[in-house]
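Here subunit A shows up in two complexes: once beside subunit B, once beside subunit C.
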Partner chain A sequence: MIPETGQFALALALAAALVQSILPMLGAARGNLLWMRSARSSSIAQLVLIGISFVALMRSFVVSDFTVLNVVENSNSLKPMLFKVAGTWGSHEGSLLLWVLILAIFGAGVALFGSNIPDALKARTLSVQAWISTGFLSFLLLTSNPFARVFPPPLDGNDLNPLLQDLGLAMHPPLLYFGYVGFSIVFSFAVAALIEGRVDAAWARWVRPWTLVAWMSLTAGIALGSWWAYYELGWGGWWFWDPVENVSFMPWLLGTALLHSAIVTEKRGAFKSWTILLAILTFSLSLLGTFIVRSGLLTSVHAFAVDPERGLYILGLLAITIGGSLTLYAWRAPAMEGGGLFTPISREAGLLVNNLLLATATATVLFGTLYPLVLEAVTGDKISVGPPFFNATFIPIMLPLVVMMGIGPFLSWKRTDLKGVFQRLRFLAVLMGLAGLATWYVLRGGPVLAYLSVAIAIWLLLATLREWTVRIRLLDVPMSESIRRARNLPRASHGMTMAHVGLAIAMFGFVGSSAWKSEEIVFVQPGSIIEIAGFDVRFDGVEQVRGPNYVADRGTLTVSREGEFVTTLYPERRSYPVAQSRTTESAIRSTLAGDLYASLAEPASETASDQGAWTLRILYEPLVFFIWMGSIMMIFGGGLSLSDRRLRVGAPRRAIKSKIAATPAE
Partner chain B sequence: MNWKNLVAAAILATLPFAAGAVEPDEVLDDPVLEARARGISKVLRCLVCRSENIDNSNAGVARDLRLLVRERLTTGDTDEEVIDYIRARFGDYVLLKPPFKPETYVLWLAPAALMLIGGIGVIGILRKSGGTKVVNELDDDEKRIVAEILASEKKERV
Partner chain C sequence: MIWVLFAGLAALTVIIMLDPLRRSEAVAADRIASAVTVHVDQLREIDKDAERGLISTEEAKAAKVEIERRLIALERTKSTTGHFETGGRGALWLSALMVPLIAGALYIQLGSPRIPGVPFADRKEERVEEAQIAELTGRLLERLQGDPEGGQTEGWMLLGQTYMRMGEYADAASAMENVIGRDDATSAILSQYAQALVATENGIVSPKARTAIRRARELDPTNPAATFYEAIALDQAGGSEQAHDLLVARLEQAAGPEPWMELFVAQANRIGEAIGREPVSVATFISATDAPPKPTREDLAAASEMSVEDRAAFIRSMVDGLANRLAEDPDDLDGWLSLGNAYRVLGETDKARQAFETAEALAKNLALDDPRKRSIREALSNLGG
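Let's look at the complex of A and B:
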């Protein structure tokens, strides 16, 4: 009965979405306030109904209701409770339900917290949000019912893919989806603005917090996925340029561009149509990501053709959303006048270059990801586009961007005296060169690009900190005055400093762990000692341990350094009998300087296993912890910016800026 | 194949399979040669996997390729010769960095072309926006704000 309630709630949510698609939009066109404000009730109704549906599905997983097909296919009575809950979004149907739930959360969020947004804009935005909602709810109900029953019910379920039974990956989809779907509301704002024919500083300020929330979640989702790949897959890599990773990275890159261009629109009234375009494209890339992963297109072009029902439906949604919004853009955007003049050396110009580089980087990833699919579909020619391609094309675009990131914050709006900026940064440039050379002197080995990257990361770190000290006039004025200045600085400004420093820190991790990692792959027998990066690792043997739904071979490694005991590591190889698959659980000792990473492979060979020989893989990855630390700082920086007073209370009055505002097309 | 299996296959295929990869008995005694072998392994695709290099893959085919790479290296081939040898046998599909050929011109040149077009666009915007007409005066809003601040400071002094 409860699963049917969930399904029924979904159908009601679709009805609410349909009403919301039309009524507020009409109300805004006719000036009917009552119709406009109906969006508030219908948004909340959608959230409640989809929430009910989601809870119903989660309950089916929690109590292991094996009359529900979805539960049978993705759960098992022995599975730990956490992963029963996470199983709710482990399947195609469940993850789509999560998708629409988050869509509803953002819609209701605007309805509830957007009290400073004018009625007409809010009504139109929520209507557009309901269009997306209608598309995906009908997709869910028509092709992917999460509550389908099975008869007769089996005694137990097939279990969730063991690789997914992990805390990191259980949390990964919700965060990633919060990011993906968060851009939907920005998209809705953009389309509503196009329909209104009006974009101004106030619009940009309303959109900013939502962009920030989406960006932070996406950052967290990607970082978490990367962390998961790092410890779970047993290779010690954290980014593989896998298409699945790329599709989440593209909206991040473009979303970052959007975040910056929206600042120019907010502060200077410039880049209006560009900001709108970015909002549309960022969400389009999020949809593309959902589509690509969900359609099976990545496995092979042919897999798509085997059962095209769902694939075609999402493709249709994609075509309507992207095509429709871009057509609207082409029609309405030219009427928007850019305001705020500026010179080639100004913060506006700097952010323009930032956007150019980020957009090009996004396009590069897009080409690399889709080109093989398109080429195979068109000519039948198969090529591979892997990490070497992305390293050769992506990095040369990103490094200049990071150099620019150091300079940009020093530029002032409208026009800047470049000489003054250079004078401030001259010393840092010398310092950066010296630091790069010092790194080379100490480490010697490794590619030139690695030293260049380290130097650039140091540059970003120092320049960002310098900019902050200039703002608070540290050491120029008494300390108390500096503290007062730091307090008076808008939080968004601290947020920028934090996020930029975070990237610099993460860069140390990227470079350190890829350029200077050491690795040992050896056969070991109890008592064998492996030396790596100054550590002595003793293999003490393997024992069998039993988990709730798996059995594992667990190795014991005693790590010491110069005779002193450091730690004990327990890498495991798990075997999941129900799901019939295996996973490796690496054991990692994390320190700031680097990670000691051990993973156990199979018994060396049949004859050798009698003597207890195993294949052991031990890695030392310098600075890898900096990647996670930097990512957390970036998210925290976004949070600081989000908490800025101006975004919370500073309801900007539209009238003031209306002179600069675009004239409506009507 | 029904849709469910397809999705399951898709999800499984998107998750690189854990474990294995290079095994100790493959490792060459000469560390320099072994390092070169690892480098080459990272640019060759495991043909039966999805976007995995042979260095990470534990598929049998990948192991065979790794051994082949090491065999060629020990006979004295340069890195390029080894890659060409394998490419000649398995086609361009085996290269994770696609070769520069007519089919991939678009792929390789797209970033530079986009950067160029975008760059021209940016220069256009800068010329249109700035040019000789440098705006260094305050606009009306700013004038008003400055006036307000000055007025309030005057009041404070009084």
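Let's look at the complex of A and C:
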């Protein structure tokens, strides 16, 4: 009964989305307040209904109801409870249900918390959101029904891919989707503005919090995914330029550009058309990502051709959404009036360069991701475009961007005295050069690009901190005055500092762990000692252990440094009998300086004489921890900006009240 | 019960959708007024920035002038924005009521309201039963292996069939392997063995399976299972046309509606599509039916001259006759089975399901190993009911 309730709720949600696609849009065109406000109630209805449906599916997973096909295919009665819950979004159908749930959350979010947004804009935005909703709900119901039933039910299920039975990964899709799908509401705002024919500072301010929420979630999702790959795949890498990673990274890059160009639109009324275009393209890339991952195109172009129904449906949605919105853009955008003027040396210009570089970087990643797919489709050749391509193309674009990031915040709007800025930064530039040289002196090995990157990261860190100290006039005025200033600074400003510092810190991690990592892949027998990065690692053998739904070979490694005991590592190789597959569980000793990373590859040989010999992979990756720390700082910086009071201004009634009562108090 | 729940859910949706009717306040958050508020706030911000010394006084002044200019522009557009109306209640009602209707129509297509939810915890009995079967199978295997005579042929076949049902195809094949060389190995035994081999190889007909199929066909050229797998083997070996011919030829030999015909037709059409043959349907091959009341010789002669549509209609009338007879004499288990099969062949799954469900109720008192019980269960699960 519960799965059927979920099914019916989903059907109701689709019907509500259909109504919401039409009525509020009509209302906005005719000035009918009642119809416009129906957007609010139908958004809430959609959230409630899809929420019920999601809970129904989750319950089916939790109680292992094997009359639901999706549960049979992706769960097992023996699976630990946490992964039963996570199994809800572990499959194609479930993850799409999560997709539409998040779509509904953002729609209802605007309906409930967007009291400062004018009725007509809100109605149009929610209507556009409902178009997307209709597309994906129908996709879900017609091609990927999560509530398809089996009767009589099989005795037990097939288990979820054990690679996916991991805490990091259980949380990864929800966050990634939150980011992906979060950009849908920004897209809806952009399309609504095009329909309405008005983009101005106020619009940019209404859109900003939603962009921030989506950006933060996407950052968190990508970071978590990367963390998962790092300790679950057993290769010791945190980013592989894999298509699945790239398709989440592209919306992030463009979303970052959008976040910055929206500031210009808000503060100076410029970049209007560009901001709209970015909003459309960012979500289009999210859709492209969904299409590439969900259509089976990645496994093989042929896999897609064998069962093309789903892929073609998303491709159709993709074509309508992107094609439709870009056509609308081409038609309406030229009518938009230009904004404030600025000189080539100004904050606007700085942000323009930022946007151009980010857009170019996105295009590079897009090319590297799609080229192999297109090539395979046309010629049948399978090639993979990997790290060498991206290192050679992406990094040279990003480094100048990071240099600009240091300078940008010093620039003022409209026009800047470049000489003054250089005077302020001269000292830092020297410092950066010295730091780069010092790194080279200490380490000697490694590529030149790595030293350059370290120097630039130091530059970004110092310049960002310097900008902050200039703002609060640290050391120029008494400390108490500086603290007062810091407290008075808008939160968005602290947020920027935090996020930029976060990127600098993450960069140390990116460079350190790729350029100066040590790696050993060795055959070991109990008693073997491996020396790596100053550690002595002794292999003490492998024993069998049992988990709830797996059995594992667990190795014991005793780590010491200069004769002193440091730690014991227990890498595992797990075998999941139901799903008939294996995973590696790496053992990691994580410190600020670097991670010692061990994973058990495979027994050296099955023969009796070699019993106890194993292939072991040991890595030392300097500064990896900085990546996660930097990512957390970026997310936190976004949160600080989001909490800025100014993002909530604009509700007319409230504003009038505050004018009367609270003006002096501010 | 489930319909009550659905009605409640639908009512809740309609109530939420009608919410705007409750909020009668007609004050609209106007686009221009909202934008003015934002700009006023920006002005205040610049004052504060200047106060803190973040920007110079001249910069602040210039910025303020710019925003004020934008404010004036906004004020100018204000007069052009129209008033808001609050009518249109009818449309709101209509669209809110459309929601359950659309959803209901969709649900009827997609849902399976009659399948209950069965949490794993409620299936102890079934698990116990399954464990018993596993135990019995184990014991049977032991006994057969321990038999100095090599174990009875029926015993090995029962074991093999049980493994097949459990999805242990390789075990099934190796159980059956013990008896296929014996003198009493029938065509059916050989084709079941072939089936197990093909299932083990995920649908690929191995040379070993091909040999078994060939032997099965030598013993009984009409054995449908062997014919079916022979066609698959031919198709896989590149002889799609022969495969198609073979299937159609066997279909033509069929005396009346048989449960395997649908499978044959589906397979023939799958192969036929690739080589450009006209699709066939089950109705084409049913020239006669033994469903009572028996058609007279004249009827049959008439039927053979009929067009395809007419013949289908004739079959229809035969089936309806059977259905009527069963309505008067509902305890005829075999009658219900053939009615169910007939409906299934005609593609009327709902009616087929009903017939099988009636049969299921009648079969309750039969012995556990009665083959009819199994065919009912299989038919029902194929029909998804």
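Please note the rule applied: the second predicted complex is superposed on the first by the 636 of 666 C-alpha atoms of A that agree within 3 Å, B and C clash if a C-alpha of one lies under 4 Å from a C-alpha of the other, contacts with A are read in each partner's own complex, and residues count from 1 in each chain.
The rule is simple: contacts are C-beta pairs under 8 Å (C-beta built on N, C-alpha and C of every residue); 3 or more make two chains touch, one makes a residue touch a chain.
Keep in mind that this is a model prediction, so the values were computed, not measured.
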Contacts of A:Lys414 with subunit B and subunit C, given as first, second, both or neither: both
Contacts of A:Glu232 with subunit B and subunit C, given as first, second, both or neither: first
First, second, both or neither for A:Val522, with subunit B first and subunit C second: first
Which of subunit B and subunit C A:Phe389 touches, first, second, both or neither: first
On subunit A, positions contacted by subunit B and by subunit C: 414
Subunit A-touching residues of subunit C, taken from the complex the two chains share: 1-2, 5-6, 9-10, 12-13, 16-21, 23, 26-31, 33-35, 37-42, 44-45, 48, 52-55, 59, 62-63, 66, 70, 82-89, 91-92, 95-96, 98-104, 106-107, 110-113, 115-121, 123, 126-127, 130, 377, 381, 384-385
Subunit C contact footprint on subunit A (complex, rising order): 1-5, 7-9, 11-12, 14-16, 18-19, 22-23, 27, 30-38, 40-42, 44-45, 48-49, 52, 60, 63-68, 77, 115-122, 141, 145, 147, 149, 151-153, 155-156, 196, 198, 200-203, 205, 267-269, 340, 412-414, 471, 473, 485, 488-490, 646, 649-653, 655, 666
Subunit A to subunit B touching residues, read off their complex: 73, 91-92, 161, 163, 229, 232-235, 237, 240-244, 270, 293-294, 296, 298-299, 303, 306-307, 309-310, 338, 341-344, 346, 348-349, 352-353, 356-357, 359-360, 363-364, 367-368, 371, 375, 379, 381-389, 392-393, 397, 414-415, 521-523, 573, 582-584, 599, 601-602, 604, 615, 617, 656-657, 659-660
Residue ranges of subunit B touching subunit A (in the complex, touch as defined): 1-4, 6-7, 9-16, 18-25, 27, 42-43, 45, 50-53, 56, 91-98, 103-104, 106-108, 110-111, 114-115, 118-119, 121-122, 125-126, 129-130, 133-136, 139-141
